[in-house]
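Presented sequentially are two complexes of chain A, the first with chain B as partner and the second with chain C.
This part shows the complex of A and B:
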């Protein structure tokens, strides 16, 4: 028994050290700094204490408000448009007999670097040379300025966001669909269920744990959108998040506040605001996974 | 209408819908590849040229000549491989302990690790920057070395979770009989646990490698102060600054394409494992 404790300690040692230095300390440090005015150049420990000023300034900051609303609409679009499309594609995949090739095709955007995806789409959205406007022109639809105009830029970001979220989601949905025993559908058929009622009465209820998982990971990931916006709007010397902050998002603004304007206190306050929102979602996800996963092990 | 014919028509219909949808996923990437072989005139022509007349393969060489893309590649390879190796070691060890030993704080520790599963990295950016800047190494500090890109990711809660779930399925009798034969715990770890969990290890490895290869946020922060530490995603960002998009858009495309190859290839060859890893975190296995 004594020997065992030594092994337990040894095997867990790297994880324990990591959590103390690189998880607990940073969280404490962020929290500490969020009440201080600190610019990274001086010592944080002797920096002036400013109470809740960083938090108040964050909420008052119009760019932060803009970033918050943009991120919110980005997140909502992925949840209410992206997830249903992913489910539709997953169902389509289960109906098709030889689907391996299509599974590859749909998944490849999900493993490509988001910065590269952003930069490709920046070109596709180009008002003059971009294929998207050329296609709109061909279909006799009005061409848009897309990323060049503050009016449509966020729309372009949202479209790309939805596009790049679909691959992983539909693959997880597909796996979940395959776990539903065929016998339920056969029983439904005998009871006279048509395609619609078996979708709403059998597929959706049995897919609930999977849907919940996808919902929560997508909320958390979409609130952290960063690479995509840089790729789409950071051309040449342009400041990412433009034009005129129309595509500003929370993590990008936090990054700029910390490492461009050196306002570490305010950036930490922002981080904590976002962290609090996401922490609530993490707890929900933990509970849902507890129900779905651990109980039978 | 015969049943077979009806079935055939329905199947073709599904294939047509899937083809249209699939096309929207593959077209942008196909466009990227074709455009990286174009001349500048072909890139900016309207109506667009789809297939380049004379594929400009030297575009790829040009990228390596004009920006230190080789350096970025090497940095990315070192960082991603190191993180992958560390993640495997720490995940297997912690997963083993949390699955096969009984001790007082097992459940709290496990729950703690799982609850940090989705901890966003932006929370750590400022503290880690401060921490690494103040750890002196020789003349400089830790922030100026590749370790700064590696250390924050050497432990993965997801990896530990996945390995624990997998190790739980190994029968205890196997471990006990090895113990009776006099094997110590380290030998059990290496000679029983590790070989038996190899599929899970591959899953952890490939998911870690690909996500790190694509990762921009932290390397961008570090390499703004230390440009020699740029990785491929940061290098991609640099492409639009190094090349004038009006004159050299095709070189930007070539650079993006080269940087996208490794993760895509890895996925194509090891797709089975990748998908499995994605499933295990979300679904019961």
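This part shows the complex of A and C:
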């Protein structure tokens, strides 16, 4: 038995070392640095200890506040607009018999690199030559300046974010819908349920585990938005997050704080603030949706 | 046994060859992509022929990632030997002992033979820290054909003239969108926003910082007026944030404020139409003025081959070629990079290139150029200022409010 345990440990050892070096050490080092004033040019061990100053400065930082609000609005849009749209598309997919082609088409955004998505949408949003404004003009709707205006730039980022999240979410919902046995719907029909009641009383409750998974992963991914903003706003030599910080998001500001402004301590503090926010949101999601699925049927 | 002897002898022979082989030094030189032009490698090869024990490894990084590369190289304990840095970054690098102190012969050569603004650019905390390379100031770059089409035979001399001409040069489509820009900036690129603005502040008699660099003075009436003058371009719809200085070759931009290194980009992309490019001093408010920034070569403090690195840089930057009376670095900057060299002898002995249609005005405007100050947190200060200026451009804040907010944040960093 002891020999067996030793062998188990030896086989697990490479993975344990991997996690210690690449996961746990960076987390603890980052936590250590968040209490220091370190600019990466000198030794972190001899950098001055500043206590909670980096955390206080993070909350006082007006740009961080702006980035926080931008990221919050992005995340709320993904959750309350993107996820319902994905569910709607998944339901439509179940109604189409030969839907393989449509599943491939819908999945394209999920396999496209966010930087590429950002760069292509940047041209689509061009205020003068972009097709979006041309379409708005054709429909006699007011044209917007999109990425060229601090008022509309974040809206453009949100639209692209929702678009790029739909693919993967739809397919996960589709898989979840496929798992719901038809007998529940048949039983519901017998009891006089119409389409709406079936949806709210059968589909949604049985989809809770899938919805919870999508909700948590989308919360985490949306709060970590970074390369999409760079693709949309970081044209040659331009500082992404503009114009005038209107598309600044938490992870991007963290990166700029660390590598442009050489304030690694403050950037590490921001990372832990972000971790805390994500942890709280994930707990809220778990607590609100922990009951559901087939175990509760 | 004979096989064993044969292998042993071969092994001894290899050891002998290795021990007899000359010690080879590999100098790593990291430059940004806009500085890497055809011909740079030829100089490295030429030096290697003169010094066979020295080989070079060149690393090319996009400009926007260059400082990050320098930092991460240093953090990883594996920095390049030679870097080519923007002077604004120098203060922080000096304070963190990243730069190795140049030998006395280098300091002496720089002080004696370089243009005073370039020496100031490479001087941090009272000491010369590297070998200056290019000097970049700003001028008005304009499209002669568009100006002529609108009835103008000369570019604007004053800012008021620029506004008046801009109104006539700007064209719109049926939807009210600008299709031909009277003037463009590039919002989002801190230098393209801040440098023209500071040039206008100096032109209006204002100052960026106090003499001891401890206080930002952009809340002065002169500085506010300068920003109001810029905002006028947006209010009159002569420009908007969609405009981009790199679209100038498309032929739909009448005027912009840029540095001399854009020349090669314009020549390559505009082809024959390059003859339509004109350069003039920045239209002034009260007096001609422009901002100037510099670059310099430095040797990393962790380099194992500091002497060899400085020797190469001295050969490249100060060895006078007898047939031309110029240095190799001077030739490279003028002929390939399209920049103004810092060494006086190079400025004097490249008349064809420095006094050509494009670069001449930049060189003449050196007399009105004020060097960008080398201050700590320079990159962050420029970003703060850029964002506040753009807020004023978009009429989100008044120029006064934008500059007051900028000054508040900048003063925290300066102190």
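Throughout what follows, the second predicted complex is superposed on the first by the 276 of 297 C-alpha atoms of A that agree within 3 Å, B and C clash if a C-alpha of one lies under 4 Å from a C-alpha of the other, contacts with A are read in each partner's own complex, and residues count from 1 in each chain.
To be clear about the criterion, contacts are C-beta pairs under 8 Å (C-beta built on N, C-alpha and C of every residue); 3 or more make two chains touch, one makes a residue touch a chain.
In this text the structure is predicted, and so the values were computed from the model without any measurement.
Contact with both chain B and chain C is seen for A:40 once the two complexes are overlaid on the shared chain.
With both structures placed on the common chain, the touch criterion links A:259 to chain B and to chain C.
Once chain A of one complex is fitted onto chain A of the other, the partner contacts of A:182 are absent, as it touches neither chain B nor chain C. Judged by the touch definition given at the top, the superposed model places A:194 against neither chain B nor chain C.
Set side by side, chain B and chain C differ in how many residues of chain A they touch, and the one touching more is B. Contacts of A:128 after superposition on the shared chain: both chain B and chain C are touched.
In the superposition on chain A, A:276 makes contact with neither chain B nor chain C.
When both complexes are overlaid on chain A, the residue A:106 reaches chain B alone and has no touch with chain C. By the touch criterion stated above, A:243 is placed in contact with chain C alone, chain B being left untouched. In the superposition on chain A, A:235 makes contact with both chain B and chain C. When both complexes are aligned on chain A by C-alpha atoms, chain A residues 40, 128, 234-237, 259 touch chain B in the first and chain C in the second. Remark: chain B residues 11, 14-15, 17-18, 21-22, 24-26, 28-29, 31-32, 35, 43-48, 89-90, 93-94, 96-97, 101, 103, 109, 111-120, 122-131, 151-152, 154-155, 160, 165, 168, 185-186, 189, 210, 213-214, 216-217, 220-221, 224, 232-233, 236-237, 239-241, 244-245, 249, 252-253, 256, 259-260, 263-264, 267-268, 271, 274-275, 278-279, 282-285 touch chain A in the complex.
Contact residues of chain C toward chain A in the complex are 63-64, 67-68, 71-72, 74-75, 92-93, 96-98, 173, 175, 177-179, 186-192, 240-242, 244, 246, 377, 379-380, 383, 386-388, 390-391, 394, 396. Those residues of chain A that touch chain C in the shared complex are 39-42, 63, 126-128, 133, 137, 143, 145, 148-151, 233-240, 242-245, 256, 259-262.
Chain A contributes residues 4-5, 7-8, 11-12, 14-15, 18-19, 21-23, 25-27, 29-30, 33, 40, 44, 89, 92-93, 95-97, 99, 102, 104-109, 111-117, 119-121, 123-124, 128-129, 131, 134, 163, 166-168, 171-172, 175-176, 179, 209-210, 213-214, 217, 220, 224, 226-227, 230-231, 234-237, 251, 254-255, 258-259, 264, 267-268, 271-272, 274-275, 278, 281-283, 285-286, 289, 292-293, 296-297 to its touches with chain B in the complex.
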